[in-house]
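What follows is chain A paired twice: with chain B in the first complex and chain C in the second.
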Partner chain A sequence: MAIYSFWIFDKHCNCLFNREWTLAANSSSGTVNSKQNEETAKLLYGMIFSLRSITLKLSQSPPANEIRSISTGKYRVHTHCTASGMWFILTTDFKQQSYGQVLQYIYSHIYVKYITHNLLAPFDLAENPSETRGQGTRKINNRHFIAALESFLAPMIMQ
Partner chain B sequence: MSNSSSMPAQAKSLKHAGEDIWKNRTEKVNAELFTLTYGAIVSQLCTDYERNFQKVNEQLYSMGYNIGVRLIEDFLARTALPRCENMVSTSEVVSKCAFKIFLNITPQITNWSHEKDAFSLILVENPLSDFVELPMDAMKQLWYSNILCGVLRGALEMVQLDCDVWFISDVLRGDPQTELRIKLNKVLKDEIPIGED
Partner chain C sequence: MTSKMAGDTRSHTNPEQDGMTEQQKLQHQLQVFQNSLPKVNQIAFQMLLNEMVPLAVSVENKLINSEIKGTPKRNSSELEEMITNVHITAPLDKPSHKLCQQLYEANDGTREKILERLRSMGNQIGNKLTELLVFSNNPNLVFKDMDLLSVMKFICRDVWKQFYGKQIDNLKTNHRGTFYLLDYEYRPIQTFALDDQSTEEELAMIKPFFEIPVGLIKGVLSSLGYKEEEVVCMASYIDRPTDRPKSTFNKGVSFHVQVNMQ
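Right, the complex of A and B next:
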């Protein structure tokens, strides 16, 4: 199995965090919160946003119908959306079918632990209305969060 | 309601999920320590605001709000529940999962409004107010557990439910029961990126 990149979006449609690995052999290669990924983030968000509205329309019974993964010819996108509007997204190769538990673990044991329970940091990175609706650029730079995430995901980067 | 026949099964599984998470996946702390910590906060606020209990109520509410907006993420991480489709299922989740996991109590849900947009929670036991007896001057004005209203408001707002939450009665004030009212104002719209509409 190999993972290519990891993303977090909030309910304001902003990309809060992105991590891209470039060399499978080196788990510290690649970029964290790169400016160059802004455009990719918007495209990725748009793709998932559109597919989400389609799946919601196509589901017959009222309980929410969330997309779990999207497969393309080259990679697979795994999504985990929470009721509070956070999106956790992982792009991977095809070797493993589901990363649902991985994303759930990142949310409950890394994000909630280091970001939500960090009471002195703002709980919402969009500070004013001009940073909502996908226009915000603030990123998660919490050292504990990044370190815990890296060490959790490192074993999955190797091919 | 079209799906009313499926409600009991759903409610049962929520109850089961709440109990399971409480039993197996929640670290426990001494309830007395918790009760006394909360008591210390309230008594400090009463001193700080020179026994202006209106102000104390407001301050407890806003402290609760700040807790609620974070606690919701903790709650969702533990339960992985999706959004509720209506207030009936919201009330079940609040009573059987949220109160169970965080306070180990299951308040009764009653007094539904005609439009099913408001309900009451009856707190038969309230761990915040164990050992508490209000002094005479606070009896009429202080809502001792007002932090709960703030927590509920903050948490519900984070799942796009704009609600008013307030106490109707409290055994500490000599009422027969402790009743907390939740009323839905509106379901907030999810944001969409600029240029999508």
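Right, the complex of A and C next:
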């Protein structure tokens, strides 16, 4: 299993966090919250958004039919959508089928612990209405969050 | 008010068991009493406790606003204005992190007022908490003929346990009324951090969160007969000892309590 990148989107369609690993051998290589990934973030969001609406339309029974992963020829995208509208997204290779538990862990033990329980951090990064429509560029820069995420994902980047 | 974790089910001995000493019987009674108390989620309790700081700032803001609005002279146009200002849904306060930022930037007078409010809230809780802990018939607590040291031990063990789910890590005293209560992992602030690396600002912003335990300690002491004027309590940061396991917040807290007895 190898992980290529990790993303968080919020309910306002903003990209809150992105992390891209460039060298599989070095878990600290790559970029955090890079400006250059802004376009990629939008494309990724668009892809997931469209496929999500398709899956919702194609479902027969009322419980929402959430998208779990998208596979392309080169990589696989795993998504975890919470009821509060947060999207946790991981792009990986094909060696492992499901990263659902990994994403669930990141949400419940890293995001909730270091962002939600941190009273000094805003609970919603969009501060005014002009930032709520995908226009916001604020990012999560909390050092505890980043450190915990790195140490949790580091063993999975290699191999 | 108990802040025990939900789902804390400790097995206890059979009450009909023979050969129990008086002490064990009392312990058992306490256990039964504590199990019968309604349980509150620790996280919810902690979050509410932390929200007291933004609340105090927001109360101060509202007081300032109502002072600016001026004298309560009421003529018809003003009454009309009041009616238009009646909200079905009142405007919300600013988000908590903004209020904390505001407290950091406030001038000394305002900040002192806010901290005073926090201390007095903690004080009230402390006063009532003693009643609760005494009421629970804990056999380890004998409040008659209690000297100051055992009162401080009561704070370190029972009060802290009830509030933060852990005991104070270290208690130091000179046996003349000066006490240092050291908590190397003060629970409520463990995951607090600002976005950037500016640790000075971060420490200054987190400091107001110590006013609640400061008030709490004073409240417990005052309910046990040490008057408010006799007690000085302050909180400050200390470095954590190097042999302790790593934790997220790199500073410990020291509560300095000075009791002036005549």
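By our rule, the second predicted complex is superposed on the first by the 159 of 159 C-alpha atoms of A that agree within 3 Å, B and C clash if a C-alpha of one lies under 4 Å from a C-alpha of the other, contacts with A are read in each partner's own complex, and residues count from 1 in each chain.
As a convention for this text, contacts are C-beta pairs under 8 Å (C-beta built on N, C-alpha and C of every residue); 3 or more make two chains touch, one makes a residue touch a chain.
Since the structure is predicted, the reported quantities are computational estimates derived from the model, not experimental observations.
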- prompt: After lining up the shared chain so the two structures overlap, which partner does A:G85 touch, if you call chain B first and chain C second: first, second, both or neither?
  reply: first
Query: In the superposed arrangement, which partner chain does A:S108 touch: chain B (first), chain C (second), both, or neither?
result: first
Query: A:L56 contacts which: chain B (first), chain C (second), both, neither?
result: neither
Field: Of chain C and chain B, partner touching more chain A residues
entry: B
Field: Contacts of A:H144 with chain B and chain C, given as first, second, both or neither
entry: second
- prompt: Does chain B (first) or chain C (second) touch A:A121, or do both, or does neither?
  reply: second
- line: So the chain A residues that chain B and chain C both touch are 117, 119, 123-124
Query: Tell me, which parts of chain A touch chain B in their complex?
result: 11-13, 42, 45-46, 49, 62-64, 66, 82-86, 104, 107-109, 111-112, 116-117, 119, 123-124, 132-135
Message: Under the stated contact criterion, what part of chain C meets chain A in this complex?
response: 43, 47, 50-51, 53-54, 95-98, 100, 191-197, 202, 205-206, 248
Message: Going by the contact rule set out above, which residues of chain A touch chain C in the complex?
response: 113-114, 117-124, 140-144
Query: Within the complex, which stretch of chain B touches chain A?
result: 3, 69-70, 72-74, 76-78, 80-83, 85, 158-160, 190-194, 196
